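Below is one structure; the comments refer to it alone.
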Amino acid sequence: MRIGVLTSGGDCPGLNAVIRSVVHRAVVDHGDEVIGFRDGWKGLLECDYLKLDLDAVGGILARGGTILGSSRVQPSHLRDGVERAKGHVAELGLDAIIPIGGEGTLKAARLMSDSGLPVVGVPKTIDNDIAVTDVTFGFDTAVGVATEALDRLKTTAESHQRVLVVEVMGRHTGWIALHSGMAAGAHAIVVPERPFDIEELARRVGERFDAGKRFAIVVAAEGAKPRPGSMEFDEGGKDIYGHERFAGIARQLSIELEQRLGKEARPVILGHVQRGGTPTAYDRVLATRFGWHAVEAVHRGEFGHMTALRGTDIVMVPLAEAVETLKTVPADRYEEAECVL
Amino acid sequence: MRIGVLTSGGDCPGLNAVIRSVVHRAVVDHGDEVIGFRDGWKGLLECDYLKLDLDAVGGILARGGTILGSSRVQPSHLRDGVERAKGHVAELGLDAIIPIGGEGTLKAARLMSDSGLPVVGVPKTIDNDIAVTDVTFGFDTAVGVATEALDRLKTTAESHQRVLVVEVMGRHTGWIALHSGMAAGAHAIVVPERPFDIEELARRVGERFDAGKRFAIVVAAEGAKPRPGSMEFDEGGKDIYGHERFAGIARQLSIELEQRLGKEARPVILGHVQRGGTPTAYDRVLATRFGWHAVEAVHRGEFGHMTALRGTDIVMVPLAEAVETLKTVPADRYEEAECVL
Amino acid sequence: MRIGVLTSGGDCPGLNAVIRSVVHRAVVDHGDEVIGFRDGWKGLLECDYLKLDLDAVGGILARGGTILGSSRVQPSHLRDGVERAKGHVAELGLDAIIPIGGEGTLKAARLMSDSGLPVVGVPKTIDNDIAVTDVTFGFDTAVGVATEALDRLKTTAESHQRVLVVEVMGRHTGWIALHSGMAAGAHAIVVPERPFDIEELARRVGERFDAGKRFAIVVAAEGAKPRPGSMEFDEGGKDIYGHERFAGIARQLSIELEQRLGKEARPVILGHVQRGGTPTAYDRVLATRFGWHAVEAVHRGEFGHMTALRGTDIVMVPLAEAVETLKTVPADRYEEAECVL
Amino acid sequence: MRIGVLTSGGDCPGLNAVIRSVVHRAVVDHGDEVIGFRDGWKGLLECDYLKLDLDAVGGILARGGTILGSSRVQPSHLRDGVERAKGHVAELGLDAIIPIGGEGTLKAARLMSDSGLPVVGVPKTIDNDIAVTDVTFGFDTAVGVATEALDRLKTTAESHQRVLVVEVMGRHTGWIALHSGMAAGAHAIVVPERPFDIEELARRVGERFDAGKRFAIVVAAEGAKPRPGSMEFDEGGKDIYGHERFAGIARQLSIELEQRLGKEARPVILGHVQRGGTPTAYDRVLATRFGWHAVEAVHRGEFGHMTALRGTDIVMVPLAEAVETLKTVPADRYEEAECVL
């Protein structure tokens, strides 16, 4: 068989581990040929690819990033390109395409699949917001990086007798905030799923100081928002240069908390560091298993599906289901966290 | 309510996180009192304990070890002590006991429960060999430590053009070997579940050298054994001092591989470093959730059960089920690993 | 003897290691008594202290922050307090004071020393800007944290085909930028000591893209500034809330580079994470040696001095010298770095 | 100019950083050509080499091992090969050779230099035992790895109420033991420079238990030996297979301590993990500077010398001096450590 692989969307630790695993399983065990499209869907649309043999994937397992490159493509551009993609697939004699990516990529994968292309998807997101899988690779690494930063920030907050408001990734869901906050023993966590009341939050943090503690750590998902009317809120938007303004939840929360508590409060924005670099062992194992099972699905002809983790098993779920809903932090998980902070 | 907690068995990253979580959930949310027995079951049998309030568990979330101490107690000693334990529980007015421990501890927990004590167990093992839960805390940290070591050893093996045989923990099961070997891209993994054939193993490693590679990493679970008749094997046992001899699978494998391959082969024994120190974020979250749910089970009166992870949910399973079988590495997981090494 | 210790100024990995070392050396080897003043000079002025015995410093060697707390005190406030400090020192029967801190603290130490108090200083700064010592503890940890972040950011910059401008600590000197930039193989480093020309910087980064590379990392010390006239520059200052505006060199540089290069450029601000948490082994050893030698200086009556590293030796230098000049990045060190980026 | 580089001896984190730095400085700034000999001196003797341009050293800065390979060559073999080496140098038109290696390599470098070859050495050893430089790259990484392991082992030792005897590298000198032991707060350190008295050591560790502590960590350099007559000591040697027996100081010490103290004692042998993998930021900076200055020395024609760190400066020292004496742990450094353990 001949299989084409591509990686699309934002960086995510574990992408290379999937690529390597696909190649090992396909080439060594099945005697397949594998090619990799450069820069995501763009490579498929422009027929830009390289051959992936064992040497090409040597030493990449623990490396962050993706040896294939990635890019974001407009959905409309993709829709217009379906026929072109089909042409290239035919031309190259491909029996299957394995796109590795997040929500946008999986939607594109479904589009391609619906139009008749033999597609097996592999989900990827550091945000952990894909509903049909227990977890995706990249998330564990992101949580690990955020937790290590929080561990460090605690001693500084304590020495300086401050409130630190630490912004972690998560525009639409609070998974990274929830897990890193629990793991590091943050004193409050705010997530997009639960608009916060600023007075309540200030009271909560204030009680900690009243009890004689000298610092507090608040973890805020970047997409966290106040309950309407709870406080003035700057949604960000573009600045005069046309750049995102990074008003930022952390910055606004520190100002509001400082005013209410009379304690120094400072924002820390972890940023891109959460989505790059060497993956944790957990993510490498999960990514490797996803790659392995994607190849198996190809050989079984189980197209239009993607790999997913359920308990300890890798299962295949229809792409149609995969992108229906976002997996948000449910109320009981949030309560668990809140109670042990 | 009044709850007693104890930790028993070998060290395991996450023990303190469970203790802290039990105290936070019980004291803050339910207004309970919590005491901790010192040195495992011994503390219960000897009525040796300390009060656990919020201050007592401050700053312990990320710390390895257990603030309560631990010890191994003979099962017979425990059986004889049941009545004494019941006496102390009555004396102290305890409504529940939460023992945190591995297979031996859970068996003891069942014994205590069967004799009428209100017990809710929390499973703990770096070995990941408890069948009724998807995973236990401590395992992720152990795999992470082993993987980091393997990452380092790869460059040395390559520079020295050697075979390194790396022994990781796992007397009865090969989970740590399997996951760390997959995560680090080892070239062969041997586990207790699949007695290896030394000729086959040597052939496999030899093919790598034939293909022009200059080194190889073999990961061996400490309990891995050759197929009967495959090679002479020293089971270890006591030396003249009465100490364990540490003949060791890694040592024997390196000798055998060196003889067969004509390449330098060296053993590395990772040892205790896998079971101590700060837990990963993953283990801290899991341990915290276990502690939280153990308290909830106490309040629901769901005794004779222990916490378990199923998918992303924490569920309660009967202690009776918990200790029936060991969770071993199934054939398909081993094949997955083997194929992408 | 009776010795008082205090920590003052911003957080710095290794403070606890010094405190512990002072106590071990003084108490165990000399039979001294040690007390610790709370929250820096404030504790001395207000006679707020605790006894420091071996138990008090148990387990703190690897912990970030300071068990004594810290604070920043106005120099004028200190000058007015000298007599009060002398009174407390007499009252408590102290034979020596060991203040651990940065430039401000060492100036205060000199003031106290000049007024007749028996002072032995220990220098501390993550910025590495104290001229009379080869290096101070805290710096190695800060560089390590920044380097690890840069390692991670590289894969993301590459996947996203971006310029990342990473802001590290260093208001007045570029040591952290220089070392982390060299260690991580950044593609340009800007430091306060060498005002940059934005056109030259853009050209340098642009050449990289012209040569076919797909990303670039620029490391900027927070105090880096453009050559006058090179570009418009917002010095920051207060916003409408009276808070620092964090205009930030990284943010401004990314806008300027994006406009000139036509490549996406994004700022990342590492912030406080560089100054907290567990110290590296290097910093623990240096901090421990500083504490040890400070106690020896006390016993030799070598007051008005502070510990310093020269090569591999710890020597004592007069406090008067210590604060005269800032140690800036010399031209040849900058050239070394620039040439191998 | 045309420069040849080679790496020789055991693995050491930072080798690739030197290679990369030599290439960057020589190729980019001087317009030189650089070639790398494969597998150390062997490559020079057999004229086995590859071209090293910027692409060849891309992405290797943070990688352990050496892209050139390494090997150990018999001194006699080298002596016989001098003429052959000279022939190859002439043939290839080389203006300089930069060998990177430890004591053996530097001796060979001197031999080559004395016979008229233009040699500039770069010292390398994780053991830190080269007298003419304050420190060599690789040492900081080795100490960091050992310290991290000791941090982890402490919690296990405490939970299990044991003595752990941890063997670190250092056949002839105790630098790694000294620094990692100080950094981790070990309770005793034994080094080759100070033969220990087993009774005294047992007494010291015993006092700790008498004081109510429940565990102890002893760090032993692999070359540590008892004072003659202090205890029976097995020097190791070959076993029946002709393999080193690894009797090991840690193993023997644990037996002796267990017998004397009546406490469980266990050996842990860290092994090769100390000499591989990604270098610390400190080692990357030092290695990079060594490479840079080696190229400068070549261009100044300063042959027969090697790079060395003195304070914060890189200086050139004659190869003749470099290998005269081993840098051992001096008495005062050992005392410093002992007093704060």
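Read from first to last, the chains carry the letters A, B, C and D; within each, the first residue is number 1.
Criterion: a contact is a pair of C-beta atoms (placed from the backbone, for glycine too) under 8 Å apart; a residue touches a chain by one contact, two chains touch by 3 or more.
Going by UniProt, the chains are A, B, C, D = ATP-dependent 6-phosphofructokinase.
Remember, it's a predicted structure, so these values are computed and weren't measured experimentally.
> With centres defined as the mean of C-alpha atoms, identify the chain lying farthest from chain C.
When every chain centre is compared against chain C, the largest gap points to B.
> With chain centres taken as the means of their Cα atoms, state the distance from chain C to chain D in Å.
Comparing mean C-alpha positions, chain D is 29 Å from chain C.
> I'd like the Å distance between the centres of chain A and chain C, where a centre is the mean of that chain's Cα atoms.
Chain centroid spacing, chain A to chain C, equals 34 Å.
> Mind pulling the residue numbers of chain B that touch at least two other chains?
Answer for chain B, listing residues that touch two or more other chains: 151.
> Please classify the inter-chain touch graph. Allowed labels: line, ring, star, complete, other.
Its topology is that of a ring.
> All pairs of touching chains, please: list them by chain label.
So, checking each combination of chains, I get A-B, A-C, B-D, C-D as the touching pairs.
> Spell out the part of chain B that touches chain A in their complex, as residue ranges.
So the residues of chain B in touch with chain A come to 20-21, 24-25, 28-29, 61-62, 134-135, 140, 143-144, 146-147, 151, 179-180, 182-185, 280-282, 284-285, 288-289, 291-292, 310-312, 336, 339-341.
> Write out the stretch or stretches of chain A touching chain C in their complex.
Listed in rising order, the residues are 10-11, 15, 63-66, 69-71, 145, 148-149, 151-161, 164, 214, 241, 243, 246, 251, 255, 258, 266, 268-273, 275-278.
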